[in-house]
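The structure under discussion is supplied below as structure tokens; questions concerning it will follow.
Should a chain be cited, it is by its letter among A, B, C and D, assigned in written order, with residues numbered from 1 in that chain.
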């Protein structure tokens, strides 16, 4: 791939992310919007590990996002007031669910895979929605909040300082994205690309397709759950909508809008989508139509996404 | 039905707002300081879409009316007032919370209003309390909001579920019988409402002979209705709300239950009755406010203004929104300040003036609980309007809020004030 | 005993709805490879159209006309929005219909308002047939009969008409069908319309039982997906069976444990995937 | 011992019998061609050998072991590699990356999250060797999807070779090619066959290629074996001619 282009792009991305809270105000944003963008971007990139780099469409990934969120929220509410433990448990829950469901559905392909993921995603939605005593049902899980992080020598008060929380999320984002990049540039990552590009050829190179899709699904679920955990910490709250299929669709459109074949595409898509939703829903009660039209326009006119456009221009 | 006009209260000016905020951030990026602005801002974080869109919009109509009146009388503390409207969605508390934070952090609102959905209201209250903003809940009924999880800064206009239960129970026992069967939505609100009804029922010598917890969003109630019918109760109590209530009543009437058993419930809304086919407008209910009060001063005036603005008569929701916004202005006037703590103090046992209370016995925020105590209207749904097509409820008795509100101790609210 | 009998009957009604929705979805999925997320939106549209024209045409007229109007709208949507996506990654049609679902919900709210509208069925239908079996209301029986007729008609069309045979052949092997001189574009268009007709009909019927508001279709969409997976992808009889099965299963669960009435569908789906991955009546080799 | 023994395999698709009791034995180092008219069941036969789908009946032994029930990837790991009638490559990746994936897979590295310097060097060397063998070195960094048909074919063969197979199954390697390309690909196959002593089974329509390359030829017709023998025998066989010309015999 275009290695020459990668380095400057990386620098731009990190500079933008590192300074975002400082200029967010100029463009009409606010710190928590910046944090939200980061969290959603992590989710979209996690999804894209599967969608863009393995070629497998999951349309029920919000389930794992939500499981991460509930795992984190319930840890703080019922077990121990620790943000780090909360994230860990959230990821663990998402990973276990991912492993089980992944094993059930890896044999399916294309639309059928997508459809099964949608249906399975709803299982968790209904559990969260109906199991009032534990999950708080439709009312969501409140009465808890993210806890300051004790580093031994000092304490990071991510609860009261939104700016500090942003950088806390950014560090986790950087580590996660770094791991995903490492995986994608490894033989394992190339194997996934092979599956995306041509499953038949990959199979006849001796690659166990199902096993690799399952593993990619797991990686994706782990980071999705992490994003969900961070989302719960961001809101100091979680509710069943965090696992519903609409959110799954939003993650997919973020990845596609930004460009699902490029590493940073989902980040760009998430930034645009989250900001757009924020602005539009403040201006009109018909924001759903606007979002719907964005879906339609992206599909019809920018199927390769925004970064897909620039890449095309570079190639020619 | 033009959706856009409703948000014309304040169109965000992206560029301008952004520049001002940006400038303040250069100075001290880590500290969000409140800026002196020439307008007083009220943040409106309430449903415009989803299940509760109809009540949410009606609350907004009342709010707009109050806003006009307040500005016509010189605003709050001599400053013009504006409402910044955000759609909280009907069920997505994550969005509601995010919008609340946005209104407080970015728009620097002086007041926060919302929400129809008590779950969202409670989630928002956590934010407003953390930030120390005066927060009015116009229409979320969950008891805990002015009970176990009460906050010094959170005031509620609509009634608690217990008040509604206490208001209707005597009528039902006396007129229809003592054996009750419940159809209750299976979530916190429903559980609270049912236990309220049971308490009120037992106190009057009635008994519960059965009940079902129906999942929220149930579309087919027939199984429950059949069970209820075979338990042979005197009254079937419908505690489901919104769309669930519409579904349940529609199906109950199709089964002919209304001809065999008495149908009733606690909270009813004009919005629901309008959505039912005429034959399904049955049963005894409580309304929290009703427009047909010919003997109460100022009501006719209020009705006329709302009809002029929206084309429909006001519902209790319209009144909630109206009272909610007026509460902001009255609190500031009472405290002679826009400091949240001072305003909250000023609202303790504060009586609304009659032109805003719009009910025969007046309305006041009970101290130590921040709950508005007004009148409740017990009566029957009717198939066809008498005074206009929307007059679908016949008030049989008006109950004094103070009589059904229980004691402050019973509410379970232990208010802690900021140091 | 009467109660169980009732719950089976009731489950069949629910299942009939799921099946009606799912058959439409399945038709479109099988021939065009499109998961129509907007199907719930089309259902709502059918219901609202029926509500709107009822004052002019009466109940039965509306029941006849509204689904046709919905289907015509579907034809237009297919022609201009979905057709350009054939042959591309199924991801895109999924996203497109997902976006359409948003627009439909918002559009319904804009036109007809957020609160339920009173949808009235004739009085003689909306009362019990007998005092003993009071749960057999005229409307419920009427609905079951109508759904049965519609499903019967669908299978008749698919089995005995030229269009139907082409649709079935196209589902198996679209390439061959096109080389035989069948215009695949028109075939897919008509097939889409047929699927949407089922959604419109389901909507016009459902509004007599449920509150008619903009999200009326959403609650029926997910069970339809489950019905398709349980019944077996690619098999219309399977879809029908799947719909009825999960309907009855959730009806019976309502008696025992109401809060699990939805969970049971997903449990069934999980079991089917585990034991018989291609679904109850799915064709072999369709797993992939 | 024979490398590949196909014993009396059949494959039914519903009522259609695509392959009917065909047997085949291939010795190490042999280059075997399978010919037959369209619809003779050649590709189905290939699919059975490579494990694309299982036979309805019959047995396949590879290297003396029964592989009938093994999946394609298991067969690949035992030393079977194949190409397809319609070239199967990774079109949006470069030639080098196509080969890299194959090389890493063959080396058992495909689950590694990272590679040491030594492994990286070995992979690099093997890729260069394959590029060199196929004369694709100048095009190593181009996307395969952009290359000519002949080059794509060559790349596919090289990917199969990267697996270090004991047997290579080529499904119509010269299909859809012009004269020059056909010549080039024949030369490549011959080179691979001679230099690496690789056992090859190929299906081909182009008789120039078949008679130029094959040690022995098997003829299929309507799912059954019609004849088998050295090229010159087959060229003169009446059965074969009849099969190709129609149902005259």
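In the analysis below, a contact is a pair of C-beta atoms (placed from the backbone, for glycine too) under 8 Å apart; a residue touches a chain by one contact, two chains touch by 3 or more.
What you see is a predicted model, and the numbers here were worked out from it, not measured in a lab.
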Greatest separation from subunit A - chain, by CA centre: D
Chain nearest the overall C-alpha centroid of the shown protein atoms: A
Chain centre separation (subunit A, subunit D; CA means) in Å: 42
Averaged-CA centre spacing for the pair subunit C and subunit B, given as whole angstrom: 37
Between subunit D and subunit B, distance of the C-alpha-averaged centres to the nearest whole Å: 74
Multi-chain contact sites of subunit C, meaning residues that touch two or more partners: 106, 110, 259, 262
Of all residues in subunit D, the ones touching two or more other chains: none
Shared interface positions of subunit A, touching two or more other chains: 130, 286-288
Touch-based graph of the chains, sorted into line, ring, star, complete or other: other
All pairs of touching chains, each written as two labels joined by a dash: A-B, A-C, A-D, B-C
Subunit B contact footprint on subunit A (complex, rising order): 21-23, 25-33, 36, 129-130, 132, 136-140, 142-143, 145, 161-163, 231, 235-239, 241-242, 278-279, 281-288
Of all residues in subunit B, those that touch subunit C in their complex: 1, 3, 49-51, 53-54, 56-57, 186, 212-215, 217-220, 222-224, 226-227, 229-230, 243, 246-247, 250-251, 253-256, 271-272, 274-279
Residues of subunit C that touch subunit A when the two form their complex: 29, 33-35, 37, 81, 84-85, 88-96, 98-103, 105-107, 110, 222, 225-226, 228-229, 233, 259-260, 262-263, 266, 269-270, 273-274, 277, 286-288
Of all residues in subunit D, those that touch subunit A in their complex: 50, 72-73, 76-77, 81-82, 84, 88-93, 97, 100-102, 104-106, 109-115, 156, 159-160, 163
Touch list for subunit B against partner subunit A, complex: 3-4, 6-7, 11-12, 14-15, 17-19, 21-22, 24-25, 29-30, 32, 48-49, 84-87, 91-95, 97-99, 101-102, 105-106, 118-119, 122-123, 126-127, 130, 149, 186-189, 191, 215-217
